[in-house]
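Below is one structure, written out as structure tokens, with a few remarks after it.
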Amino acid sequence: MPSPAARRVTKVHHGRLAAWLAHHGRSLGTSLGRLLGRPWATLLTAGVMALALALPLGLWLGVHNAQRLGAQVQASRALTAFLKLDVDAAQAQALAQTLRQRPDVAAVAVITPEQSLEQLRQRPDLAQAIDALGPEQARAALPSLLELTPRGAEAPLAQALSALPQIERVQYDALWQQRLQAWLAFGTRSVAVLAALLGLGALLVVGNTVRLDIQSRREEIGVLQLLGASDGFVQRPFLYLGAWYGLIAGAIALGLLTLAGLALAQPLAELAARYGSRFALRGLDPLQAGAVLAGAAVLGWTGAALVSGHYLRQTRPLEH
Amino acid sequence: MPVLQFDSVSKVYPGPRKALEAVSFAMDAGEMAFVTGHSGAGKSTLLRLIHLAERPSRGAVLFNDRNLAGVRGGAIARHRREIGVVFQNHQLLADRSVADNVALPLVLRGMKRAEIGKRVRSILERVGLGGRERALPGQLSAGEQQRVGIARAVVAEPALMIADEPTGNLDPGLSAEIMALFAALPERGTSVLVASHDIALVKRMKKRVLVLANGSLEDDIAPEDLADA
Amino acid sequence: MPSPAARRVTKVHHGRLAAWLAHHGRSLGTSLGRLLGRPWATLLTAGVMALALALPLGLWLGVHNAQRLGAQVQASRALTAFLKLDVDAAQAQALAQTLRQRPDVAAVAVITPEQSLEQLRQRPDLAQAIDALGPEQARAALPSLLELTPRGAEAPLAQALSALPQIERVQYDALWQQRLQAWLAFGTRSVAVLAALLGLGALLVVGNTVRLDIQSRREEIGVLQLLGASDGFVQRPFLYLGAWYGLIAGAIALGLLTLAGLALAQPLAELAARYGSRFALRGLDPLQAGAVLAGAAVLGWTGAALVSGHYLRQTRPLEH
Amino acid sequence: MPVLQFDSVSKVYPGPRKALEAVSFAMDAGEMAFVTGHSGAGKSTLLRLIHLAERPSRGAVLFNDRNLAGVRGGAIARHRREIGVVFQNHQLLADRSVADNVALPLVLRGMKRAEIGKRVRSILERVGLGGRERALPGQLSAGEQQRVGIARAVVAEPALMIADEPTGNLDPGLSAEIMALFAALPERGTSVLVASHDIALVKRMKKRVLVLANGSLEDDIAPEDLADA
């Protein structure tokens, strides 16, 4: 029969990996249990984290949708090519047909001098001038126009068109382009500033929450340390706690974003209608939503690891 | 081979308060000894140096011939798992049941669940807390809490058990029972060092007694000399 | 000589008001001392609160500045009044002079047929038509125009002008107006949604912070209660703590807003320049900044009062 | 006039554990008495009913002829300020100095600062902690912490002082000194009720002894009968 001491040693080393796994499983379960045991406190904390997550996410979605809207509005704008006066209606139609083959052209419409004349007559300051000119004369003095919808950027297409012999001049709304550029530059800068603030916020909130949670359980940690628990053993429940907080916060954030989307859908649709565009907000697809949840959990875990690691290093007995 | 050795150990707390002054002694494996002395004599400080809750200001503490000054970082936790400690203020986890508290050292050693349950039940029976496994520490009387701390210290059959005033909240009958439990530990390979100011109890045990006074080791009385002291 | 018990009673009741005031003073000081004693933790917590405050404040400032910008851009836009063909140059000048007296008119410029003709000749599709017409004929067929800068809303002025006998027709960019309206409606709705989220956030953060702080000091509170401390005595340090947190958070929030303003000033100026407007962001004036600080302190105090009151009610011995 | 009266008081903790069973006794103003009994007998529970840390399940506790069942809300705090308590687990504020801890009852009573300082210094001197005013509780030995708790309980000269195992961490010499301090309190108008399982010490004091066993009041021994017990 082995001595009591020898027996002890063999027993003690038995199943250490199994115990490690078991402790992981237990930490996962008990940390969730602790959260559910005080639902209001959990909701409060997760709510704060959810806001910190929802804001940059909402911002990202907003920029994303704005880019889509911008692309739509941009695509609906046309270039106007003024043909030479000696280009007749048949030649104009033929040119339009050729241009439609170009990959950078989405659509081409021919506007005859008659149509131009009709449009000009709508302007009160010109109606009388045109009548004075006489319709025949005016029609002869007006060129045919091509209205092109570009596929892609306008400037290179405009340049290519200008080179064609039939085309007198190409005009597009450069001012409008400049303004859009300016708005985008401003939007980009704003988003960068806000994203910096909010990223900071998400980190602060997760870290602070876990810090205060650790703070309120410092005695428990002290006891575990006195009994010889490894840092990993002490940290594990906090890591799972952080991950759970993150997961719950991510779910709340998704809910908040959905609500915000619903609240904004109608005025945005009205806004888009003014630009003659049918536009619907696009939220997160299931894959992205899953990524948000996973990312939130990882964020919670990481924040918990940073703060609890710092705390353990700070309180490691005799090492300060 | 000595399991524990103090080599002219001094401890000065910031203040500066001298809590220990050139204390030297050695304890053999399987030995049981008491530390006694007035309140503030340095008993708790002496024990704290053993499980590395404090470091000596001068001198060396050796455990199994290893100088504890070299035990740092993660090794501290491993060292502590080799030692059972009864703390003067219990140090129980308030939100875990009595059984979970007692099981902690076994969980930390990675023991199997079934084996843990068996051992915990057996030791709780021995300290008179059979049937209280599921209570929380806050639902126990002070003496009952103290016995939970004692059960936790001995459940893993450590190489060395140190106990700080383990019977301060126990009535004389229970104190004697607990001391009998301690006295049986050396047979199972555990050395025992108990700090106590209950001089009557200490004398009755007929074991080696280290007497501290103002931090100095004033006396080191062998069991056979106890009657004279 | 009075009995020892009698002596005790008189001494005990001595200076109770002074003691109450002293405790207030002490709570104020010690709570600040505790904050400064752990500067990083304080900064972390106050940082979270500061974000929760800075976001709605920044939003408010943003909307405020946008309204100013909108008013400026709006004011720089003109109405065009087309005069009847039989109104000659002198009559046009006289009419302009009369209109300048109106309180809802900021400025009036006369555009003669010659100037109109010059402008029209810039358009490539019309240049040849105008040349065909002959300059004399064209000038006779073109009306004089008045360009009016309104002071206030455009629509009522336009209506009033239409009623004048010399004026053929008034034109202004109604589409532009509609779009601005739509943007403002959208902005208002967005701000409402965000403000709801962020107001909730500020409340959550303050409450949660104090809750966790109380949590980590529940033993101290328990001891004080056992010794017979009144609820007010126990709560007081937390109230001052909350107020200090609020104050620090408010200061950080002001700093963040200033930084954000600096970061956005340049792109915004560029943006405004596109609209021919000189526009500078306006931040908070000292009075408003003071109000923010005071409001933040009150918010912190209130959050602390709510949470600590709830905690005390919950833990009041034997009363649950 | 009795300062304290128990009228067939029972206390059942959720569990259900019967901690006290039909306990009746009365204590006169200026009296000193001990409660003794085995660990878990119900001593702490009996004391907790007096300062309203618990309510009885049945029966009535009267303090100065006032039924404590009617003391609710803010009146609980006022009631507690009339009683000095030595807690079995000290209950000191860890982040305040010894002097600030002892001063608390006086601060709560709204006493002037200068008067507080004088009283605190004097009582700390008497429990052997002169010169430790500025230490934090964590920098004291267990026995020193216990004496801080004792000083805090008596500093305001309350109408009644109750002490739960006040000498559990004290050596015999100090225990005797503290008991002498308690014994002097009735002269100054304070009644004293002490729970202790140190039967030798209790007998030596020659005061009234209430003996609890499993929650029942087994014996109520008058000082003059102590020799027989």
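Here the chain labels run A, B, C and D in written order, and each chain numbers its own residues starting at 1.
To be clear about the criterion, a contact is a pair of C-beta atoms (placed from the backbone, for glycine too) under 8 Å apart; a residue touches a chain by one contact, two chains touch by 3 or more.
Everything quoted here is computed from the prediction, not taken from an experiment.
Asks: Find the geometric centre of each of subunit A and subunit D from their Cα atoms only, then give the gap between the two centres in Å, rounded to an integer.
Replies: Spacing between the chain centres: roughly 66 Å.
Asks: Whole-Å distance, subunit C centre to subunit D centre, using C-alpha means?
Replies: The mean C-alpha positions of subunit C and subunit D differ by 61 Å.
Asks: Report, in whole Å, the distance between the mean C-alpha point of subunit B and the mean C-alpha point of subunit D.
Replies: Whole-Å distance between the two chain centres: 29.
Asks: Mapping chain-to-chain touches, which pattern fits: line, ring, star, complete or other?
Replies: Graph shape here is a ring: one loop, exactly two partners per chain.
Asks: With touch defined as at the top, which chains are paired up in contact here?
Replies: Inter-chain contacts occur between A-B, A-C, B-D, C-D.
Asks: What residues on subunit D touch subunit B, complex-wise?
Replies: Those in contact with subunit B are residues 13, 15, 17, 37-40, 43-44, 88-89, 135, 139, 141-144, 147, 164-165, 168-174, 197, 199-200.
Asks: What residues on subunit C touch subunit A, complex-wise?
Replies: 41, 44-45, 47-48, 51-52, 54-55, 82, 85, 116, 120, 124-126, 128-129, 131-133, 137-138, 140-143, 145, 168-169, 171, 175, 178-179, 182-183, 185-186, 189-190, 192-193, 197-198, 200-201, 204-205, 207-209, 211-213, 215-216, 218, 256, 260, 263-264, 267-268, 270-271, 274-275
Asks: Under the touch definition given earlier, write down the residues of subunit D that touch subunit C in their complex.
Replies: Subunit D residues touching subunit C: 51-55, 72-74, 76-83, 85, 87, 91-95, 104-105, 107-113, 115, 152, 156-157, 188-189.
Asks: Inside the complex, what are the residues of subunit A that reach subunit B?
Replies: 3-5, 8, 11-16, 18-20, 22-23, 219-220, 222-231, 233, 316-319
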